[in-house]
Amino acid sequence: MGTQSDIKLIEENGLRLDGRNPGDLRPIKIEAGVLNRADGSALIEWGGNKVLVSVYGPREAYPKHNQDINKAIVKARYNMAAFSVDERKRPGPDRRSIEISKVLSEALESAIMVEQFPRAQIDVFIEVLQADAGTRIAGLTAAAVAIADAGIPMRDFVTGCTAGKVNDKVVLDLSKEEDNFGQADLPIAILPKSKKIVLLQMDGDLSLEEFDTATSMIINAISRINEIQRNALSAKVKVDDAGGE
Amino acid sequence: MGTQSDIKLIEENGLRLDGRNPGDLRPIKIEAGVLNRADGSALIEWGGNKVLVSVYGPREAYPKHNQDINKAIVKARYNMAAFSVDERKRPGPDRRSIEISKVLSEALESAIMVEQFPRAQIDVFIEVLQADAGTRIAGLTAAAVAIADAGIPMRDFVTGCTAGKVNDKVVLDLSKEEDNFGQADLPIAILPKSKKIVLLQMDGDLSLEEFDTATSMIINAISRINEIQRNALSAKVKVDDAGGE
Amino acid sequence: MGTQSDIKLIEENGLRLDGRNPGDLRPIKIEAGVLNRADGSALIEWGGNKVLVSVYGPREAYPKHNQDINKAIVKARYNMAAFSVDERKRPGPDRRSIEISKVLSEALESAIMVEQFPRAQIDVFIEVLQADAGTRIAGLTAAAVAIADAGIPMRDFVTGCTAGKVNDKVVLDLSKEEDNFGQADLPIAILPKSKKIVLLQMDGDLSLEEFDTATSMIINAISRINEIQRNALSAKVKVDDAGGE
Amino acid sequence: MPRDESGILSEIKKGYIIRQLQEGKRGDGRTLEQFREATIKIDYIKRAAGSAYVELGKTKIVAGIKVEAGSPFADTPNQGVLTTNVEFLPMAFPTFESGPPNEASIEVARVVDRGIRESKMIDIQALVIEPAVKVWIVFVDIDVIDYDGNLIDACTLGAVAALRSAVVSGSVVGKEDFKLPVRNTPVSVTMVKIGENIVVDPDLEEEQISSGRITVTTSEDGRLKAMQKGTTGSFTLDEIKKAISTSINVGKHLREKHLS
Amino acid sequence: MPRDESGILSEIKKGYIIRQLQEGKRGDGRTLEQFREATIKIDYIKRAAGSAYVELGKTKIVAGIKVEAGSPFADTPNQGVLTTNVEFLPMAFPTFESGPPNEASIEVARVVDRGIRESKMIDIQALVIEPAVKVWIVFVDIDVIDYDGNLIDACTLGAVAALRSAVVSGSVVGKEDFKLPVRNTPVSVTMVKIGENIVVDPDLEEEQISSGRITVTTSEDGRLKAMQKGTTGSFTLDEIKKAISTSINVGKHLREKHLS
Amino acid sequence: MPRDESGILSEIKKGYIIRQLQEGKRGDGRTLEQFREATIKIDYIKRAAGSAYVELGKTKIVAGIKVEAGSPFADTPNQGVLTTNVEFLPMAFPTFESGPPNEASIEVARVVDRGIRESKMIDIQALVIEPAVKVWIVFVDIDVIDYDGNLIDACTLGAVAALRSAVVSGSVVGKEDFKLPVRNTPVSVTMVKIGENIVVDPDLEEEQISSGRITVTTSEDGRLKAMQKGTTGSFTLDEIKKAISTSINVGKHLREKHLS
């Protein structure tokens, strides 16, 4: 987290710099089936984030010695486009994106019915076209839609949200400034039906009470976000029924 | 192409800096069978270029999943020796040499009877020992000789030549200065019997008329260059008959 | 070797900066079986060197096309920890460590009964935790112990020692300063029973006579070092008998 | 270029396509010289200096421009730097793989780059901040996100549209924001040979059965700025000359429709 | 994490371990919340500014600190630099391979790094030699030499112990030697879920049959500084909250025993 | 070293070669201590500061010298830099592969480099342009183009011949052209053990059946400057001493014939 916590991120009226209340989400829009070639795809716009996800599979895992005879391997690859951030991002994976790819793969594998596809691989490509804080959660939330769009059976959706702390106050869904100059960042992803947590990372400074407040806010937001996910899929289905593609 | 087109590259008498007429080639010398270990080889000296080519194959393509069940893969690798250019070239392929390797592979594959060798690979290693403008064309012209030297059947030779534009005039076979400070560069390779074009690249500035002039010059030169190629092979055959090696 | 040979490394009384006579070794301590997971292991402290060696195998060589149908492949990998030298060593192999890995692999293969294990691979991992001149020889000497600890049959031990030249005098077992500012460095490894030389490198300046003196010193030291190797193994055996691990 | 996933497009289908072409018909109803429908959205990526999202039929790419202050090359101290990179994202096609650019994506990037560079689209002499010390470096980065043929033209369209719209943030060197100095609008037109016919803007199916590809990039005044013959197969000189004429005509149309 | 070498730990054994855990027993006799015996030797590597050799059960690591003068990052001209790297040496486990760090070792390094960084253990503002020009760069390098589970905690322990003992040689910039400015002592505690139980400091066998891993790093005052859920599997919110409490308690104990 | 392509050189042939050697005969008629015919053409590459094309029997290499102005190493501010790189080009042998140098080519490069460096062939103290700021960097690059054994000696011959002839273009730093300051002429002699015999300058067939390789590089005054035992197999101390004597004698001959 940033080191300059004296920057004013919450106004006297209790509102955040972008006018949100502490528990407000930024606008979220998801569109399913945006790509032609992939087995499933989704584009999410979440605040200023623009993240594209495509899914291929289940297909035979390659190289063969990587195959798991009991289940499909889920391989998410998170990548930032060169033009997605203020300073040009050099192409290729860095340590941050490798770690994020790992936790996203694990979160998705916890939801997908991988045991139905032994020896298979499910590839989830997450391309951050424009970054604006919370890209991993935006990518994961879109990935669940893209996986459903590919017809891959899941136990449950995966839905993510972030909370954090700015000016000693717990707030939902950090903006870029709040992420840069805030005091804590807590991305979480949940299976919305069972409320099981499949991704959780945190850095910064939180007391136990602040953690409780933050997780309450997130769990509250999850159902709203999951509704947007489900709407994206049913909109796609309607288009398909109407003879799209 | 260079940006300083005001440099004088053609004298008042119409001759170029090295004394050539616009349609003149630089001296070209090809020697076949110069290497012991390779299946075929050739050394070409073309102006100040010195390019060595060796051929291995047809041999089993490796890794196996790259094999084509219908034909041989032709894999040319163009490489510049560290000492071949003014500023030391760092070893290893750069983007330029990767592109050149691709177009050379494709040009050669268009001439070789690849359908006779399913699952095989033909490797063509092109090492630029000394670079002096037109290395890709020199390498390709030598490669055809090396392939013939290896006894690999070709539909036809492959013969290349470059034209370009300097001081608003179309000239054949650019020299290094003409390449650096000229206005256009047009490398072409042709199957000399059928006159089919198997490699063509161009950058700079040409009108349609200039393109016509340039290609006429090239086609005219191709038969002279092809003769040098054929002579190199028959000289080799004579040496072989005489009990060489 | 260093270029400043005018630095005084031998005192008027004939003793070296650390008080040793020309033919003295630095203190050497070897402990076998220090790691749990490896098939064999040893930690050597030799002067200020601290080198850890672990052995895995014989196990199936991988990838399979590397297998030798007549014998096991011995693959030593010498690596310097980032914190082992004064200036932080960037992780990953450099040209020096690749060369050392090669000569150490070859030296060890000369002693191991590799013909008993066709298609197998024996991996010897040599990690320099702290470097103080003579790391390759320290690593090799510990590797022989680790291989024996793994129960892999050897024709003979492998035992190494270094000699060199400082202030025009031949001395045994160079210290770091002697290595940095000395005139010659001569690492040698020997099969102590047969006195066969399996590793020998040299750089600097030696006359034939100086070479003779240096090798006499080394051969004399080898039996002392080999005794330390053998003691390390029998100490381990005693601990094992006493019910350790 | 990736092979047909099912191994080889059935010979029957190939024969059918060739016979149709002989009657001047293409699978999707286009004429031989007709481009697919193209959609270009500029300013698609707000965080970039310029950007464009391009759909060319079912092929989709995103181009973004970044402009940063940096050192000039030693041999061109009085010029800015232009660099073009194309990523064949694995999301775009089943056999595209993660990793460093391969020869196919490098070829596309270099052909796009040559068209921009040789047409002198960007006035790189105007991109000097302090001669020999600091210049503007223009990064053209292109993500290929959905692949259905003819990446060279889709990427050139996207790069050119993004550059035309690019505004450089001068604040990092204490200057005002300014538009990239654009002097020309190059357009590339790619054709492939199928049987004895040459078709413009091939889709993936057409690429897979073609023998020989030719790209001609022209400037606003209809002059040749870059050409690239690619893939195995060959052309006669007459075919090349005809391709040049086609490129000039089709390019003019594309420029008017999408880049004016 | 590497798989069980024999393919899968037999289902029988797994069932046995789970039944034992339901009775509150672990294979090596520990309680569910009990750490393995840990041994920490500091100043293990004389040539490093600080170092520690750590045994956590049969897991062994060596941490070394190097401190060198270098350039600050452009966006933090008034701060030193901290960087953490973990090498899973191939000597540590049969399936660990030579080569650049893989995703498993990068995750460990980044979780260790976040604990140190977010707890503000090192006062990086005090590591400036000349603002915007020269700062101290603190390299935390960790060699994993023997692997038997729970590398995150072993590596955090080693890194923290090594940093606490580190003395920087100031001579290269004409200054006196000085101790690294340490302000806090973070401790990470890692737990895994096996069946319905959560156990602290898993060994390799426990890791292999677990479903879900959670690491909580706390500072001296018992506040959360870094968390990481890892591997497939899931936790309820209550389980996470319980894991936090456990981390605070166990962390306090570890800090007193090993880092004071 | 690459293996015999046909798997193993037939045992029969190997036995025959060994029996012949016992009678002092080699396959190509040489004595045990005889080098193959060598041809050295200097100034083979006009664009390089110095260059040499070497044929040693059927082994062929090209060595080129580039000299560029650059920064000295921090710990040797008053010295130029010498760096040696050997490329085993895939054209030279069926199993040589493209890619970064492997352990075999690195070993050759480092042994060649040590001979040049330790004999103080080049006076690197004379290669300073501005102390601690700018020095001459001498790049010795060697292309192996045809492989038939004994690359170390072929490459040393080529590197030494190229360095001896090298002329540095001083114009880039506003100076006159000058010859590289050469002070010594090292020669390496490589031998292998076949059965109980040691033969000089092995060809590929001899390398493949040998057990143990030893290289001794000597200076003009017959002193040892670099040695390298390579490949598996072993030598007695007496064999090594004999090899040293051979190297001094053969090296003297080579120096007179090719490098004077």
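Going by the order they are written in, the chains are A, B, C, D, E and F; count residues from 1 in each one.
The rule we apply is simple: a residue touches a chain if its C-beta (ideal position, glycine included) is under 8 Å from a C-beta of that chain, and two chains touch if they have at least 3 such contacts.
Quick caveat, the model's predicted, so the values are computed rather than measured.
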Both-way neighbours, i.e. chains that touch chain F and touch chain E: C
Same interface as C-E shows up in which of B-D, A-E or B-F, over half of contact pairs matched? B-F
So which chain is the furthest away from chain D, centre to centre on CA atoms? C
Distance between chain centroids, defined by C-alpha means - chain C, chain F (Å): 26
Please tell me the distance, in whole Å, between the geometric centres of chain C and chain D computed from their C-alpha atoms. 58
For chain A paired with chain D, centre-to-centre distance based on mean C-alpha positions, whole Å: 32
Multi-chain contacts only, two chains or more: what residues does chain F have there? 101
With chain B as the start and chain F right after it, run through the chains round the ring. B, F, C, E, A, D
Interface with chain A, chain E side, in the complex: residues 76, 79, 101, 103-104, 106-107, 109-110, 114, 117-118, 214, 219, 223-237, 240-241, 244-245, 248
Note which residues of chain A are touching chain D in the complex, please. 35-38, 41, 48, 50, 52-54, 56, 59, 77, 79, 81-88, 91-93, 123, 125, 127, 129-132
Note which residues of chain C are touching chain F in the complex, please. 1, 3, 95-96, 98-99, 101-103, 106, 109-110, 186, 191, 194-208, 211-212, 215, 219
What part of chain D is in contact with chain A in the complex they form? 44-48, 51, 58, 60, 62, 64-66, 68, 85, 87, 89-94, 98, 100-101, 139, 141, 143, 145-148
